[in-house]
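Which chain is which? They are A, B, C and D, in the order written, and residues in each are numbered from 1.
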Amino acid sequence: MTEPHTAPAFYRAGPLSVAVIMTGGTIAKSYDPAKARLYNFELKVKDIIDGLRTDDLRITFIDLMQLDSLDIGDAERVRIAEAVAEASKRHDAVLVTHGTDSMPLSGEVLCATTGAATVPVIFTGAMVPFSVSGTDAIQNVTEALLALRLLPPGAYIAFHNRILSLPGVRKDYDSLTFEEA
Amino acid sequence: MTEPHTAPAFYRAGPLSVAVIMTGGTIAKSYDPAKARLYNFELKVKDIIDGLRTDDLRITFIDLMQLDSLDIGDAERVRIAEAVAEASKRHDAVLVTHGTDSMPLSGEVLCATTGAATVPVIFTGAMVPFSVSGTDAIQNVTEALLALRLLPPGAYIAFHNRILSLPGVRKDYDSLTFEEA
Amino acid sequence: MTEPHTAPAFYRAGPLSVAVIMTGGTIAKSYDPAKARLYNFELKVKDIIDGLRTDDLRITFIDLMQLDSLDIGDAERVRIAEAVAEASKRHDAVLVTHGTDSMPLSGEVLCATTGAATVPVIFTGAMVPFSVSGTDAIQNVTEALLALRLLPPGAYIAFHNRILSLPGVRKDYDSLTFEEA
Amino acid sequence: MTEPHTAPAFYRAGPLSVAVIMTGGTIAKSYDPAKARLYNFELKVKDIIDGLRTDDLRITFIDLMQLDSLDIGDAERVRIAEAVAEASKRHDAVLVTHGTDSMPLSGEVLCATTGAATVPVIFTGAMVPFSVSGTDAIQNVTEALLALRLLPPGAYIAFHNRILSLPGVRKDYDSLTFEEA
């Protein structure tokens, strides 16, 4: 049993302005019947959020790139960090949807290249595309959108009922989830 | 823009023991084709949670009652409060699934009849059954299961991207959601 | 083993003009979260068909009535028969979506009050609403839309992998399907 | 308007014994989160049929091969034809699930290498996997299972509200459906 805590909760009620920076990844993959393969189609993340009740969130969708995680290199990570820094100036929180293979690395570059976070910046994605049965996309996006109300400024991954502080996260390829590095 | 906060986050990482007390309500309704109507079938809440990745939660399901919210009276509210108090002794958190019409009232009775909460007790449910397209059940349960990691001991409703402290919550019948009373 | 047949198949290839006469019933029921009950919302049948690939069908949707099967009386059955007769003049086939409790009776009234069918008239519906998980609506509508290519003029119920000629059909309340009376 | 026909319908009511020969193809592809790609997992076709009401069909599932359509060569087509011939001796109808790219070719080999069909042999599959949203797998399997009651012995493709006699069918890569060659 975990010890009971008495610390006050951190919670931001009411209207929040949220930037959703979309970079591609498994979460946004759709099936292309002409080519019989999955491809990145960014608007899927908007579809996920449109399926949720988030009356007090004013969301701005930023279609930054549509890349598989393995195709994101150093230059792209810098672009993501810059986009997060820019969005942080005008929003109460930033959500970054990203492929899982290099999500922790993009989070590390963000932490290394920008100053102290002024808002919560939450990375998430999915192991199974939103368009595929058994997807974890809805769970992860739901968690990320609640976490931005409950977490102080900083960079995190919200995934599979876990909040993990960046840097210091790794993808576990056996259990297909994220954990502390 | 909301002011940036600097308070430390409250977060409980790692394995948690969670009691899920099921009382019925819209969230758990299934369709009975023989009678052409919806009825309460409690195991639906287990089905919802089985569809999520919650590797670090050890969940005990308690099938307390299977009632429509409007059929829950004073006696039932006392039973719920007692069940929560009992479960709080042996678990790190308690989730109560409940019909929406009298969820705030059951929360008030809980607050009035038991001492200070020793663990987070989170009520949730749904405006549309899990078995019906467009359901909000997955969102609400996902939020409740994350909230119990991020909230200090106390009683809350987690619903539609909001955390509301009990007592002091009302169901808004126009927008079909919960808000501060 | 059934004896092998050698009769030529009846099949109408290519573009067909189809009238879909919607009368309500379980198939078209949606959930009303404000009233916490199911109600008839006719456009559901169009949603089902829009989810299918039917490139060669030109479909006209006729929103005749939105009634639970048990609320359809003699006057309504005459109206349905008249609508079918009228639609038969201008279409290659007619599909009638109807509640299951009195679908056979409406079919009998149709057979008794109109002359020999000039096109296939196929009744269908569902035991579980299209909006509810586990629905049989997609199966039944898919079957009905194929059956109108394979059946000669006449009145039928297409349901659960069965084609049943009207009159002479009953709803079996134990197995919740239709069978020969 | 198509001319009204007066030919009697071909229809086999009551219990039928059906062999479902599964060969792989898009219809049966599932998502492998470890490899982030789709792969063939044959039991998907059983899952589709288990979701339908087919009380009078006694179905035998034959897991013949699990190949992408493009990986099926001459030797595999002969194996499929032999399996169909064998199954035709002991069943009232045969359903073959197959990838779409070479489904017509496998149908031609079947027609060329076996004698006159003694039962209906119906090929089907899907342009979008059963596990992916927007799938046409349920429609096609539903149609195939009804077609085997309504078609005389012979080889056919049932797909997208069309029945196409083999040989003489081609996949149209623009509209992603089958049509007469």
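What we mean here is this: a residue touches a chain if its C-beta (ideal position, glycine included) is under 8 Å from a C-beta of that chain, and two chains touch if they have at least 3 such contacts.
Just so it is clear, the structure is predicted and the values come from calculations on it, not from any experiment.
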{"item": "Minimal step count in the chain contact network, chain B to chain D", "value": "2"}
{"item": "Which of A-B and A-D has more C-beta pairs touching across its chains", "value": "A-B"}
{"item": "Distance between chain centroids, defined by C-alpha means - chain A, chain B (Å)", "value": "25"}
{"item": "Cα-centroid distance, chain A relative to chain D, in whole angstrom", "value": "41"}
{"item": "Residues of chain A whose C-beta touches two or more other chains", "value": "none"}
{"item": "Touch-based graph of the chains, sorted into line, ring, star, complete or other", "value": "ring"}
{"item": "Touching residues on chain D, where the partner in the complex is chain C", "value": "1-2, 4-14, 16-17, 52-57, 90-92, 118-119, 136, 138-139, 142-143, 145-147, 149-154, 158, 160-163, 175, 177, 180"}
{"item": "Residue ranges of chain D in contact with chain A within the complex", "value": "26, 31, 33-34, 36-38, 127-129, 131-134, 173, 176"}
